[in-house]
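Report on the structure given below.
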Amino acid sequence: MADALLRIEALSKRFGGVVASDEITLAVPKGELHAIIGPNGAGKTTLIGQLAGELRPDSGHIYFANLDITALPAWRRSQLGLARSFQITSLFQDFSVADNVALAVQAHAGHSFHFWRDARSEPSLRDPARAVLARLSLADRADVLVSRLSHGEHRQLELAVALAPRPRLLLLDEPMAGIGPEESARMVETLRELKGELTILLIEHDMEAVFALADRITVLVYGRIIASGTPAAIRADEKVREAYLGEQERQHG
Amino acid sequence: MLYFIEQCLNGVQLGMLLFLLAAGLTLIFGIMDLVNLAHGSLYMIGAYFAASFTAETGSFVVGIGLALLATLLVGIVLEIIAIRPLYGRDHLDHVLATFGLLIFFNELVRLFWGPEGRTIPLSSEMLTAVQVLPGVYYPLYRLIIILATLTVAALLYFVVMRTRLGMLIRAGASNREVVGALGVNIKLLYTLVFGLGAALAGFAGMIQAPISYVQIGMGENILILAFVVIIIGGIGSIRGAFVAALMVGLIDTIGRAFLPDLVRLFVSYSAGSSAGPALSSMIIYALMAAVLIFRPEGLFPAKK
Amino acid sequence: MTSRLNIRNCVIVVLLLALALVPVYAALSGNTFPMSFSAGVIIQAMAAVSLNLIMGFGGMVSFGHAAYLGIGGYVVGILAKEGVGSGLVQWPLALVLSGLFALSVGALSLRTRGIYFIMITLAFTQMLYYVANALDRYGGDDGLTIQRRSEFGLVDLSSRTIFYYLCLALLLVTVYVVWRLVNSRFGLVIQGARSNDRRMNAIGFPTFHYKLVCFVIAGVICGLSGVLLANHTSFISPALMHWTRSGDLIVMTVLGGMGSVFGPVFGAVAFLMLEQILPPLIRPMASLFTIATGIDVSRAPEYWQILLGPLFLLVVLFARGGIDGVLAGMRRG
């Protein structure tokens, strides 16, 4: 698929004796919401790490809009339009909610070698930030310190910071980790709204959310892709049932 | 040539002293994740204790024995009172707090021993040169330093490799949580490790005192070299500390001995004398920088 | 917004007023010691403020900051000795060399972090220390006396009063500039990198470049402090660059408070004042104790520094916001 926004070719990574990524090949067309599922230890976070630029693959290539980004550092990828959210909340704790999002806006508003003007009063940074916050129902928490937010609000803010610079591709690492059903449902709605606007690669354990949102699903086990296709196809796939969904069904009786 | 061999032996001697300091430092850093800028103060206190006890008892050996006990005690008390609150905090806190301790110890020494330094006199037989190799003569006491420190190193190796305590230390150096899970009394282990480090540092200070000096702030300069050693060797690795200490000791000594002459080929005599130490330090720091850039875990990292 | 009329700001105003009036007191009383002492405090405060830019706001703990005091000082000293007395040559050169040194050190050191960063900055400073020791022509480890203050034609720095007000003015300018810097786009990047460097990179900031620029700016400001210090004491020696002197700067900064731009000024004042305040306080107590118990502790006042270590330890453990934090906390009464 030559017009895929994200193309991963034979990506491999080992840590000592452990194979974290085994010849992963995947193409995500523009506008798709592609979910990656798999049991714990399947190498999902390692995959995100390599896509985001924090980990160097041992072999293979990553193409973003047909540009080979395999050797590019994380900040460069972000500048190209690739955003990433973290599974374990990674925000700026001693800053306010608005500051956090404004920083993400600032990163994409030219260089920051401006030494004089008070950045917190720049409308070109604050206004887009507030708009994103409003979208994620965090507008009334704008001036609160991040350290005082609830876990659910943290996850919202995680997403807000990733979205602020209007990325083309969003890598979401378990956005719903540890949040309750109500907040989960809201997050699913938010993601559903985003679907048309950008391309999303979603790693999630919450199967309801995955099947509700995904256009296509890829299943990763021990670093290898064992199946990839539409939700219906995945649900019916024998290998997947064995390796993953079956386990879950048995557990939930 | 003979001069070269003599300088090599001096280098080994310095290296061994550095090893004693570095071993304690790397263990404390590796196991307790603690950066201790006051480690040099224990080196200094050991030397001062030895000077006083030797003067009191008239015997250097007895003096050292008592001084070792005293330094060990100081180390243990220090750990219980001032170091324990620091575990788990970030490295900046360690650096700041132990720097405060460094200032404190300097003043404490000044209070009890006065601002002038001390000396430990050596009998003349200790300074006679003995033949170590055909045609190579070396002062007896310096030889004793090398042998004594090698013995301590061997003892340390034995303890770390063959005893239960040593196993806990090795486990702790590469994986702190494991040790806790084994149900070991962590507090006691930490105190013992710190005390061991203090004793090693103090011993280094004592044993070099007769041929060098005992004065306030003597720990500061050698402490930096010790940190360089553990970075080059690898944090938490005693083997790394040993090799790196010898390297650094040799480079520093041989550098100071031969670089001045090398410099004098190009510039003036006095420039050579003063440039020597500067250049040999630069070589060592450059080596540390290279390790940090190309092999940040050190040359012999503690196994995962 | 909370009122600006809080305890902390009042203390700042009072302190600055007191500093501004010191020369007046000197003129009236004929006692120039307070002025000389205060000039020293002002200069060290400036160095500490520059350190806090990288340490408190940037999270880069440098044990090599005293190097810039040395560079600034030695440029003035060496040029003066070689007959170049003009401040218009000395000062800019000192700043440029400080900047270049910071650029080189930063480019190498900023690839590391934590204890490694501390060690490598320390190592670079020690290198300079050894180099200075090796400069026989310029005093070696005895140091170098500087015969005349930098000449500026119009402004006569040999006048104590003029020099004093110049230092005070430069301190105020420094505080203001650093304050603007810290709240600018650049400053937010630096603070963000301290808070969460990983996320900063993830959202698109090449933090290394920004930290390096910050490092250079701090080095240049400290180089200026070094220039002033050399002019103030008319003397420069390698001891000024020893890593323990960097440690003193760090103590001042932490003691004063790393969380605000002005904090280190409190720290410098406190640190240097302790030497003036504690001995006279201890003396009567020591005399009483000696008389009462017969144990001679009459020399105890000389050992006031022995309290500094534990005091600092306590600040690190329990009052991390430093003096500034304590003052700011008083607002809530």
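Note that the chains are named A, B and C in the order they appear, and that numbering of residues resets to 1 at the start of each chain.
Definition applied: a residue touches a chain if its C-beta (ideal position, glycine included) is under 8 Å from a C-beta of that chain, and two chains touch if they have at least 3 such contacts.
Please read all numbers here as calculations on a predicted model, not as lab measurements.
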On the document's contact criterion, could you list the chains that touch subunit A and likewise touch subunit C? none
Find the most central chain, measuring centrality by the gap between its CA centroid and the centroid of all protein CA atoms shown. C
Centre to centre, by mean C-alpha position, how many angstrom separate subunit A and subunit C? 45
Averaging C-alpha coordinates per chain, one finds the centres of subunit A and subunit B separated by a number of Å equal to 49
Can you check how far apart subunit B and subunit C are, centre to centre, with Cα atoms defining each centre and the answer in Å? 31
Looking at the complex, which residues from subunit C come into contact with subunit B? 61, 63, 108, 111-112, 114-116, 118-120, 122-124, 126-127, 130-131, 133-136, 140, 242-244, 247, 250-251, 254, 303, 305-306, 308-313, 316-317
For the subunit A and subunit C complex, residues of the former touching the latter: 52, 54, 73-76, 78-79, 83-84, 86, 90-95, 99, 103-104, 106-108, 112-120, 122, 161-162, 164-165
In the complex formed with subunit A, which residues of subunit C make contact? 180-181, 183-189, 191-192, 195-196, 198-207, 210, 213
Any idea which subunit B residues touch subunit C in the complex? 29, 35, 82, 85-86, 91-93, 95-97, 99-108, 110-111, 217, 220, 224, 227-228, 231, 270-271, 274-275, 277-278, 281-282, 285, 288-289, 292-293, 296
